[in-house]
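First up is the structure itself, then whatever we jot down about it.
We just call them A, B and C in the order they show up, numbering each chain from 1.
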Amino acid sequence: MGRHAGSPVHHTVEGTDPGLNVQTHEPESPAPLPPVLLIHGFASSVALNWEQSGWIPALLDAGRRVIAVDLPGHGLSAAPEDVDSYSPSRIRADLLQIAFDEGARPLDPARPESGLDVIGYSLGSRLAWEFGATQPALVRRLVLGGPSSRDPLAEFDLAAAQRFLADGTPIDDESTANLVAMALASPNSDMYALLSLVEAIKEEPFDAAEAVPQQPILIVAGEKDERAAGLEALHSLVPSAQLMLIPGRNHVNAVTARAFKQAAIEFLS
Amino acid sequence: MPETMTAPEPVMDTQPKAQELSLQGALNLALDEILAEDPKALVLGEDVGTLGGVFRVTSGLAAKHGAERVFDTPLAESGILGMSIGLAMAGFHPIPEVQFDGFAYPAVNQIVCQLGRMNYRSRGTLPMPVTLRVPSFGGIRAPEHHGESLEALFAHVPGLKVVSPSDPQQGYSLLKAAARMPDPVIFMEPKSRYWQKGLVTSTESPADVSGARIARPGKHLTLVAWGAMVSRCIQVAELAAEDGIDIEVLDLRWLKPIDAEALATSVGKTRRAVVVHEAPRTSGLGAEVAQIIIERCFGTLKAPVERVTGFDVPYPSGDLEDEYIPNIDRILFGIQRVLEYKRG
Amino acid sequence: MAEIPFPLPDLGEGLIEATVLEWLVGEGDQVERNQPLVEVETTKSALELPSPQSGKVLKLHGAPGDVIKVGEPLIVFEVPDDTAGIVGTVPSEEAPKRRVRLSANLDDD
């Protein structure tokens, strides 16, 4: 079982505690490699994206120390009312602080356990991309699952979603309707917190070209992933990145794929 | 002794045969023979019929002896005991099973208020020939309610007998003896020993099943144990022999009534005693054993009787089991404390 | 030997069925407790089901793409008769280990 928030070392960013649920998992036989930070997707959680999908046991079996964080408004994390708590830049700052508090240290060629590997899925891939690009001294390698160069959340029709939630008015935009359906289906997610997240993302939409990570990157997506649009655009920004498509899988069910886990573990070893 | 044991009627087998069986297999054989020999015998409990019991002790019995003699009950221990008491009043010899020690609690009212005292209440006209099988004690990393030691609770109830076998031979012989008794017997099976194999001889004599038995003779100190702790104490005795200490292991077997004579004989010889049990220490059966030893051997004891026991906490989760159940080192420490005791 | 069927467990959230994505074990395989058995997808997420016990895989129900209802058989294990259905773990017999040594002066015994 993971150790939950409330570890002895705990710092806040800019004096406010976002109340994020942090779990660390220690392997039985640690490999001389950095810890792995897991960042889940929109309307998902550590439990759904990483635990039930079998990622955490697979990483532990590979000797990896795991740091997993529920994003604000997701899983067991708090759902603050202010929109600023959900801004991608604030989330990245919190993740950086959490990684340090949980023992990640800047890359040091003499110490193989130094640095941090990051695996993100969907929205988590966007955060991982930016995290890697802005933290070259810490992040060693990146695995981006189901990423998108466009930002489906930035194009989200917030007003339509709010109308739908208020009185059931159908949502015209298909992508928005799908995201709302996904959020409503997701257990433990606070719908209003998710809309705050969307609002914050609209303020800071993903611009992949703005900051391009320099680390080795593995990009993985289901062959039928309708959300991982523009994979090629991402790939063109980092031509050295390895690209892997999983046959027959879509955005939802590529997460559990054994081939994905094996490729990620191999890439990060 | 506070009460005398009813002498079982031996069934002498003309051709004693020894076979290697697990404790599960030995208990299964005993039940099979009881059902064959005694038309009034019945086996009942949760999953004892079709499934053959979670530990397979009743495996195959329903198919062989019929679903009306070996049958599944609803998941209600109070009902299992209530039914058994009624069947006993109607002349049957029920052998109910409570699936795990911790699930005997819901049946305590029936056991204490009816089973134990019906014979007294009816002035001997309604004896309770009921043998209640309870897979007992810890050691299998199971969840809560699956590792408890209830011997002190049952031994405290007037009218009940309590017995615990330590190996396949004891399991076979004691179960057959218990089933023939006119009194209610709580039969505590050490579940961590179910898979232990040993030679089982199917001949019986009253001496084979009465009172305690010496599981390993020795001269310097007596380890008193029952159930799963007997084999651990034998291991400890073998290790102690490497240090030149010759330990006698007394398998108490009957926990009510306790064989005070056997305790007096053994400790009278060794002059030192350590009692080992899994149950919590306070008001555990070890206190009773220690008091009997003091009453009988006070003048010759070289040191106070030592207890090595579980702790006064609810039975812990599997990960902590090895720390809770008396382990080899804790027993050796107990022995060392007795060996080095100096009168002040 | 005994056969132990393992039905698709209740996945919570009112889910009544799941689609098999990929089997991670095959018939005849020996599996350990908690070893991943199968990937399934519900209307809410994809998940990997760990094995509830160790044993030999006798039969798999459902090919990739098949829908299995909660409570319907998913997999059948074969286990030795004497370990079937047990709550907990069969204790392993290990050689006794000790750290404590005894010392005594038994001269006056």
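Convention: contacts are C-beta pairs under 8 Å (C-beta built on N, C-alpha and C of every residue); 3 or more make two chains touch, one makes a residue touch a chain.
Predicted model only: the values in this text are computed from it and were never measured.
> Averaging the CA atoms per chain, pick out the one whose centre lands closest to the mean of every protein CA shown.
Chain nearest the overall C-alpha centroid, as shown: C.
> Please work out which of B-C and A-C is bridged by more C-beta pairs in contact, and write that pair.
B-C is joined by more C-beta pairs in contact.
> Can you work out the whole-Å distance between the CA centroids of chain A and chain B?
57
> Mind checking the centre-to-centre distance between chain A and chain C? Centres are C-alpha means, answer in whole Å.
Here chain A and chain C have centroids separated by 31 Å.
> Inside the complex, what are the residues of chain B that reach chain C?
Per the touch definition, chain B meets chain C at residues 22, 24, 47, 51, 54-56, 59, 100, 139-143, 146, 192, 194-196, 219-220, 235-236, 238-240, 243-245, 271, 318, 328-329, 332-333, 335-336, 339-340.
> Which stretch or stretches of chain A touch chain C in the complex?
It is residues 44, 48, 52-54, 57-58, 185-187, 249, 252-258 of chain A that touch chain C.
> State the interface residues of chain C toward chain B in the complex, per the touch definition above.
Residue positions touching the partner: 81-82, 84-91, 93, 96-104, 106, 109.
> Could you pull out which chain C residues touch chain A in their complex?
Spelled out, the residues of chain C in touch with chain A are 12-13, 21-22, 24, 34, 36, 39, 41, 43-48, 50.
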